[in-house]
């Protein structure tokens, strides 16, 4: 394609990195090598044109219903997840190392969970992870003890949140092993950007992401119960159309070519799960569920849940059906257990972690607690069992009164809080009116945790759209970026799906 | 003592229901003080039973009736051989409950919905400890006696879900309330304690009618166990003010009632359910001779109702409140 | 196909048709009254309620007022407490479709979603009080556009069949009802009223082609009941619905109950003689047809959406007891 540059706009005029690690501009103020072609292309876009693209993208997402529901606002408020048009780019060598680190991490987490639920809890008995810490975790699910998953692939889909610190080192910030969401935005953002600004892709060898559905389908097949044949019946279980992530559930069912079912569509007969169809009952082998543990089966969990399937847990225990992700993964999500993931990697794999943690303080240890309480205004404090940024307190931003309350809360219940050093998250140029400004970002890669874990290239880059904010969660005013992983020299990209399905 | 136990729960529904899924925890444990000789579960209408051992070591029998039905009968028959248990040990100082001991029993040190200590519980427990001195065994015994003396056995005075603080304040309850209060008090002075579900063979029921041929009509029962450093678990039955012996048949244990409830499940349908459960125990090696009024043996008629709205309803029979049709049994 | 999916699509079709029929009826009534400055205002608006089968529901409301233009229009268009009002029905169309959107073609989902969004962006109450025609025409056009998009972009498999089945059953019930309401009205046989019947079933042109001249009771009823080419005739709708049911149950051992019911209705219409019909008690006849259609709806729910997986329940399907009432909207069956 020939690019007719009709106007040039200096998007980086007056841009400052403010001393943060910037994904595009290096310490000398130069555009990094792997961003050069995109930066050149951008200069051909006028601010009006970009604003126009942004509007088009928003309209098209609304019409297609690519939305999430915001809880706590007026009922039925549907919003699109804002996408910034400047892509985040990860060079091939960085991704290769990151992916290896992610695979290693998920392998260890799977081993840990299978040890706890199916094995003899060796890691606990050997004193590597404290027994009391596991048993007192709200995510440890006794009802899952003895419920098998083939290959021990208990985290079949893992979302590991990764950040880059002040010197650009990638670090794992938290593990999302229950129902990590966001993959639909990865695919939709890419589809939107290729439609709106195809020129940007000129000359860049960007690894595709649209093979995700096929990879996930393959991963789900690996956990089908023995004896379910070559073509196991996979379904996606959703809480229903009123769930905030319903769009994603629809999207995944489409990508997988699977039925999207609700609890009331499934029934258990003699410990076998069936779905109710217009032609009768059809046997189900694998349930990719997007319902929390507590709602899965009213016999075993919350008895007032109408979202689940009575008898499902007994069927899973009998091994006639596999629930993915496995029940009870929350124990490894626990932010206090997170601190032990590097030890798990050493224990199970006899390897050193390739992807570092963020330095974390365990508040039940008296010395660590004392240090944290003395430095509360410099640290981030998180409740151990929450996801999505809920309950998090950023010391430097908190008032004295807030810090005093926090200190009292920690003293009363040290088990349920951790503290971490504030990571000066890397920043990325982001469109603000007609110029670019640095905004903090993170990355949620999606790892398919089969016997040989693999990640789709990139993941969801979330960006804190508010100036200076470190909170990137979609529920807390974050946006997203298309995330590019560049192909390595001679990379064939065999894993691409050639046909571009309509979405 | 060789005992044959027959547990039976019958539910009738005012309108046909479907998708009735349940878990039964009625099988006697096989451990050092009792041996399970035989066990069999029968469901009517017929259903396939899937059995497993849960995280607490209790055998669970899972079954479901998908098709429309208007009654359900669950029967579990067990033969078990029980032994006398060792006498409570001599004094053990509190200092022996170090961090390692607490960590090893962490599950039995924390509270759940039945066992949240309030100020009154904590104070009562501390008072017992002060009386007993620096001795875990005596403190546990003191709590056991305090609970037995303080509470008055009153059927239907509490419900499934009644917490220990309400039980203490109300001063009344059934066996599961005694066990919850004792467990909560032990934990509040640092002694790990757990709730036990089981059966109690009593040669006399409080209705005063002597059983024939050694068969008694009772109910599921509950007591508690406390962890004693260097010794193990000490089992006490505060409802009857006695240590647990060869007349007690243990099903399983957990943090509280919720972890070992005998029968839990849901069904779908607009109908309301009425349920009764009863247990008959027959001594097989000799005629029952012991006599005495044991509170745990009061036969009750407890209707168990689910909400009459459409959708799922909960059918659960509380331990110790499980009603039995004593007359019907004796007429057989 | 999931039973729930089939059910949602069936109701998508019914609600879509219901919204369109209501809009057609209100449009026609409003303009006739404007032209004729008819004093029979209340009676005409009461007739509208009869024609949509909602007079009882309207009168049973707490704040019941006499039927008049404002009250009936508000009840049938904007009243959210009336599940059959146009706004409720379109909302139900969208919610039902949203629940199964992965089954729809992208174009169909976007068309349905956009219908809902565009309608909720309009100032409906203002339009109703000033110039409602544009609103009614909009509803009719968008409803038809959805049918077209469904037909042209979506595989004609079970999903499409349930949607189309819902439309045809709803439409057949509507036609039977408006004919019966006409037969029972004081203006029976008046050419103005007959023309209105033809207009609201898009059959004026078809009637002209029969060269019958000014519509008579015989010519109009004959067309609306017995035509086998008019898409809004009772016979046409019954035949389509029956054919769809047979396709839906292609692998079943015996024809579903709903198909048997509709087959009998269709045979009766195939061999009916208009003079015999009019010579007898046509209103009673139509009332019987309405009952068959309601039973067929119940049987569809029983066999496809609820009972197939539990055959011992099908015997408890209770077919329409007592006098014909409009099927309760959203109520899919009448199980014991």
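Lettered A, B and C in written order, each chain numbered from 1.
Heads up, the rule we're going with is that contacts are C-beta pairs under 8 Å (C-beta built on N, C-alpha and C of every residue); 3 or more make two chains touch, one makes a residue touch a chain.
Predicted, not measured: the structure shown is a model, and the values here were computed from it.
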Chain with minimal offset from the mean of all protein Cα atoms: A
Chain pair with the greatest number of C-beta contact pairs: A-B
Whole-Å separation of chain centres (CA-atom averages), chain B against chain C: 60
Distance between the centres, which are taken as Cα means, of chain C and chain A, whole angstrom: 47
Cα-centroid distance, chain A relative to chain B, in whole angstrom: 44
Sites on chain C at which at least two other chains make contact: none
For chain B, residues contacting two or more additional chains: 66
Per-residue multi-chain contacts in chain A, two or more chains: 267
List of chain C residues in touch with chain A within their complex: 1-6, 95, 98-102, 106, 109-110, 113-114, 117, 158, 162, 248, 251-252, 304-305, 308-309
Partner chain B, residues of chain A touching it in the complex: 130-132, 135-136, 142-143, 145-146, 267-271, 298-300, 303-304, 306, 310-311, 314, 317-318
In the complex with chain A, residue positions of chain B that touch it: 19, 21-23, 47-48, 50, 52-56, 62, 64, 66, 102-104, 106-107, 110, 259, 264-268, 311-312, 314
Complex contacts: residues of chain A adjacent to chain C: 62-65, 240-241, 250, 253-254, 259-262, 264-265, 267, 274-281, 502-503
